[in-house]
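The following pair of complexes shares a single chain, chain A, combined with chain B in the former and chain C in the latter.
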Partner chain A sequence: MAAITPPFTDARDAAASLRRQGTDVKGQTFRWFLVGALSLALLTLLALVWDMWAEGSNVLLARPVQFLTSGLNTNVEMAGVWQGIKGSLMLGLIVAIVSFPIGIGAAVYLEEYAGNTRFARIVEINIRNLAGVPSIVYGLLGLAIFVQALGGVTGGRTVIAGGLTLAALVLPIVIITSQEALRAVPAGIREGALALGATRWESIRHHVMPAATPGILTGTVLSLARALGEAAPLLVVGAVTGVFFAGASGFFEQIYAGRFTALPMVIFNWARQPGPEWLQLTGAASLILVALIVVMNGFAIFLRNRYERKW
Partner chain B sequence: MAQALSTDRPGALTAADLQGSAAKRRKERLMRALFQAMAWTSVIVTALIILSLLREAISFVASVELGSLFEIGWFPRRGLFDVRTLVVGTLLVTGIAMLVAVPLGLGAAVYLSEYARPRVRRTIKPILEILAGIPSVVLGYFALSFITPQLLTRLVSDVTYFNLAAAGVAVGILTLPLVASVAEDAMRAVPASLREAAYGLGSRKVTAVTKVVFPAAISGIVAAMVIGVSRAFGETMVVAIASGATGGSLFSLDVFKPGQTMTAAMAALGVGTDQVKGADNAFQSLFFIGTLLFVITLSLNMVGDRFVRRIREKY
Partner chain C sequence: MNESGDPMTAPTSAPVQPPQAQGLTLDVGSPNGNPRPDSADTVFEVRNLNVYYGDFRAVSDVSLDIKKREITAMIGPSGCGKSTVLRCFNRMNDLIETARVEGSVKFHGADLYDPAVDPVEVRRRIGMVFQKPNPFPKSIYDNVAFGPRIAGYKGNMDDLVEQSLRKAALWDEVRNRLKASAYGLSGGQQQRLCIARAIAVEPEVILMDEPASALDPIATGRIEDLMQEIKQEYTIIIVTHNMQQAARVSDKTAFFTTEVQSEQDDRRSGRLVELDWTENIFKNPSDPRTEDYVTGRFG
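Presenting the complex of A and B:
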């Protein structure tokens, strides 16, 4: 065995080393690199907000009401986002009606009924994979199924086909977030209900669901925000990118009138127009879309923090 | 059994008494069937995606001349389907995106997980969540109005208004929060005892982080990058807005010029799906590219998923 050589030649060096004299250059450099990376990430958000305001404030300050209430127009001075907002609201409504009940129901089945069966495992893997499918592929699903195969029901390239496509897109997100909310409810709640003679459905309806509601609500709001920001599937399904005028006046007539657009589609359309005036318009519309989505996400985070229960 | 019980003693419990009311049992069965049907929906969606992709993709492969898959560029409406142009364009955008997202995302993740005090963490995490929620069309606009004029023109002399590099940077910003959050989860899952052991042996913070925590979390960090790549591959709107080349694109490696990715090509075809229907194979090529994209992202996600689960099993 080799003799152990002390690393310090005299006691003064050892004492100095223990007192950590001299700065930790490597550690400080590393730390500053990390702070730099994080700051840069946060700065991009700041730059984005600043940039939208710099471009869009002209439009938003000069004609706020007119910009929000008028339709698409080939004239830069007249164009507004009203058709986009209306389309997005209708799409959001369809997404909520279709994907929320199905998604929450599927989550209830997987968490409360299925147990560890083969079917449940296959569905779980399937949902995880679905969540990673690029949004434009859902557009192809919508085009082939909702527009072409089910054209008789949806009316072709209508807001219904678009809404169903977006509903399919957010379905895995609704299921996953609802499952997490249900999983957070302790088993004792269920067992207590069952022990008192409740059926499984009664224990879910009266005990598990009320406890999981804030979590489920958070998930649904987040997925709705996701759906409102999506444009790629709508592009393929056939939302209008040019100018159009809604001819029919009734609400149901408009749904079946065929032509629709959405706020992200309006942004897509304007961003590709040449000239700085159109870019200003794009900035203003982006600011509205981001504000809408940040408010929704903020509401979801608020719900989560306000009603989160520690069991 | 029920009869045996009831004949023993008059007035004793029967099995029927323990089963509860028939109406309740019927309702119970009904609800169970309803929820199961809802769970089936997700499987049906997957089946329909695969069905609708394959039907047109197969008809594309069957009818297209093989020679037109290797051409000077991607011009679907003129019958030139050079897939190479799109794949290379996608790889260029993804590469640039990862140059942005990986160092910034991992740096942010290491800082939040190892250095930040709880209060700092609680403030910064929601901000990153907001960044994650920014719609991709808005980042496409950001590439045109900020990244190209304010950044790229200062660094490179010869940049066009629409270019792949700006799209790549914007896609990087989009994937950054995802990379950061997966990597941070992985590093926070490393037990404190490993860090304490490193400190016990006299290592500095930087040594503990880079030589102990980072290697211990490596599978989660790899997963973060794989999932980030998959996300960047499938990102559509940023590229459709900022990379130009709406009709088609010549094969090119220059990232400061307009170009075309798989997703952008699909978006360009998608805008005109009603007109394109009659043209030779252009409509079918949309589904062919879609199938390619679906297969690539699915494989990447499965690899990423495997890495994520490895870390869960370990600790």
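Presenting the complex of A and C:
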């Protein structure tokens, strides 16, 4: 029977048999395929950024402060994104206030308390499905519940209704990422705390939650970035889609002033206008939105690195 | 196991009925006919303990007594239920949803599985050290101080932390870095920190689930020395895979084995073979299965 590796007979034989024989074609092909996939992803991103820059750089370079601080205007020379930024920040605030506590709370319940019951499994499957529901559907939900049914509370088509809709949209993502962060906390930490006579609450409060914080923070900030980029649900809920919008001047007054808009809405509006000037505005506003989201993602990475623990 | 097991499996293969069990357990509790010591010395009194995971019986009819300020080692092959029994003493099995405990585990005469018993209170009195060192991702100081803090300790925390670390023979190595992360310690140091953490709440009993199995021989030696020192104050029950360790550290040894439950079901269930002075177990065991195991003929 022939051995898979024939034995050496002398040193020269050994040297010969250890030498590289031919090239690993499959391995190299696979490797280049992977490089290609990565390049394609990067190129797409670069092309997008470059396209936005090519369109919007004129506006941003010509009147950077004015563009950021003035509102929507029918005059293309005067129009700015201030209302969009304001609306997006307000929406972000509401999403954070509403979806983070509820989402993290739900995750802690599912991971730490619910156990492996049929109920918990059904809830979990549903949450995962909800995370995949198209955002326009959430818009319809927001229209039915937050604008119409709860109109008395939210004031109808307000930034509150919009924020609540986006909060509902990202809630499953917050829950899932928080659950994963909690699941990554070693069981030994829980056992260690309980074995010292800690109650379940003490074990979660003092050990599990702090250990899961970096993961939870990352998930929540990323879901916030997702919420800020959404346009479809806001369209349905009734963000302002005109090119002229006499929103309230103050930051918080907007809650009572009724109509609101957000950066993706501003981009959507301008993109629909005829003429290259509007296209330039669209590019500039897109850059602002992308910059906002990059900053938020950077913040998420910063938080994760800052609180990261090893075990 | 085969040649010597046959005579022994005959009486145990039939399910033990409660009335007969009474008599049987007393024999097991006082091996070799040693007179039963005063019950005040008995910390745990286990009678007819059966532990199920779902419908699987992991431990069958275990009855034994644990005496005060003794080190009791529990040895036996994998799957013999020694860790499962250990986790009954501080109700850690409660954390496993499918686990179910039958029979009685009495702590100074009080039934630990009485519905009125709060497992949190049980665990304050009965500490535990785990197989894999599991310090909290916090400072060394906070690791030790956590237990006393949640127990509402009012005294000087710095003193208590120092005292606990001294008892765990770790103080000299960490005194200058109490605020540093516990994860910076070596595995052996982490395990001693876990012992210090358990000591800090001043339990009466310390359960150790293979505390040295993840450690090198030197760190293991330190843990064993430490056990000898703290046994003046604590009752210790240690589960170990290492027979030499059991022989070195323990006063009494309980030998567990696995047995087929019945003809219909070939799943094996853990069973206590005997509990005796460690010297007897290793030099003069009364059960041939114990002898086979300690002489290395099986397991």
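Criterion: the second predicted complex is superposed on the first by the 252 of 311 C-alpha atoms of A that agree within 3 Å, B and C clash if a C-alpha of one lies under 4 Å from a C-alpha of the other, contacts with A are read in each partner's own complex, and residues count from 1 in each chain.
The criterion applied here is as follows: contacts are C-beta pairs under 8 Å (C-beta built on N, C-alpha and C of every residue); 3 or more make two chains touch, one makes a residue touch a chain.
On a predicted model such as this, the values are computed, not experimentally measured, just so you know.
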Message = On the A-aligned overlay, A:N116 touches which partner chain: chain B = first, chain C = second, or both, or neither?
response = second
Query = Which partner does A:P210 reach: the first (chain B), the second (chain C), both, or neither?
reply = second
Touching partner for A:V159 - first (chain B), second (chain C), both, neither = neither
Ask   = In the superposed arrangement, does A:V221 touch chain B (first), chain C (second), both or neither?
value = neither
Request  = Return first, second, both or neither, reflecting whether A:G139 touches chain B, chain C, both chains, or no partner chain.
outcome  = first
Task = Have a look and say if chain B or chain C is in touch with more residues of chain A.
result = B
Task = Give one of first, second, both or neither to describe whether A:V108 is in contact with chain B, with chain C, with both, or with none.
result = first
Ask   = Which holds for A:T199: it touches chain B only (first), chain C only (second), both, or neither?
value = both
Task = Once the structures are superposed on A, label A:A271 by its partner contacts, choosing first (chain B), second (chain C), both or neither.
result = first
Task = With the two complexes superposed on chain A, say which partner A:P186 touches: chain B (first), chain C (second), both, or neither.
result = second
Query = Where on chain A do the contacts with chain B and the contacts with chain C coincide?
reply = 197, 199
Query = In the complex formed with chain A, which residues of chain B make contact?
reply = 20, 24-25, 27-28, 31-32, 34-36, 38-43, 45-46, 48-49, 51-53, 55-56, 103-108, 110-112, 115, 124, 126-131, 133-142, 144-146, 173, 176-177, 180, 204-206, 209-210, 227, 230, 233-237, 240-241, 246, 263, 266-267, 270-271, 273-274, 286-287, 290, 293-294, 297-298, 300-302, 305
Query = For chain A, which residues are in contact with chain C within the complex?
reply = 115-116, 186, 188-199, 202, 206-207, 210-211, 309-311
Key: Of chain C, residues touching chain A in the complex   = 90, 92, 95, 97, 120-121, 123-125, 127-128, 130, 132, 134-138, 146-147, 150-151, 183, 194, 197-198, 201
Note = Per the touch rule above, chain A residues touching chain B in the complex are 24, 26-27, 30-31, 33-38, 40-42, 44-45, 47-48, 51-52, 55, 101-103, 105-106, 108-110, 112-114, 119-120, 122-123, 126-130, 132-141, 143-145, 157, 168, 171-172, 175, 197, 199-201, 225-226, 228-232, 235-236, 238, 241, 264, 267-268, 271-272, 279, 282-283, 286, 289-290, 293-294, 297, 301
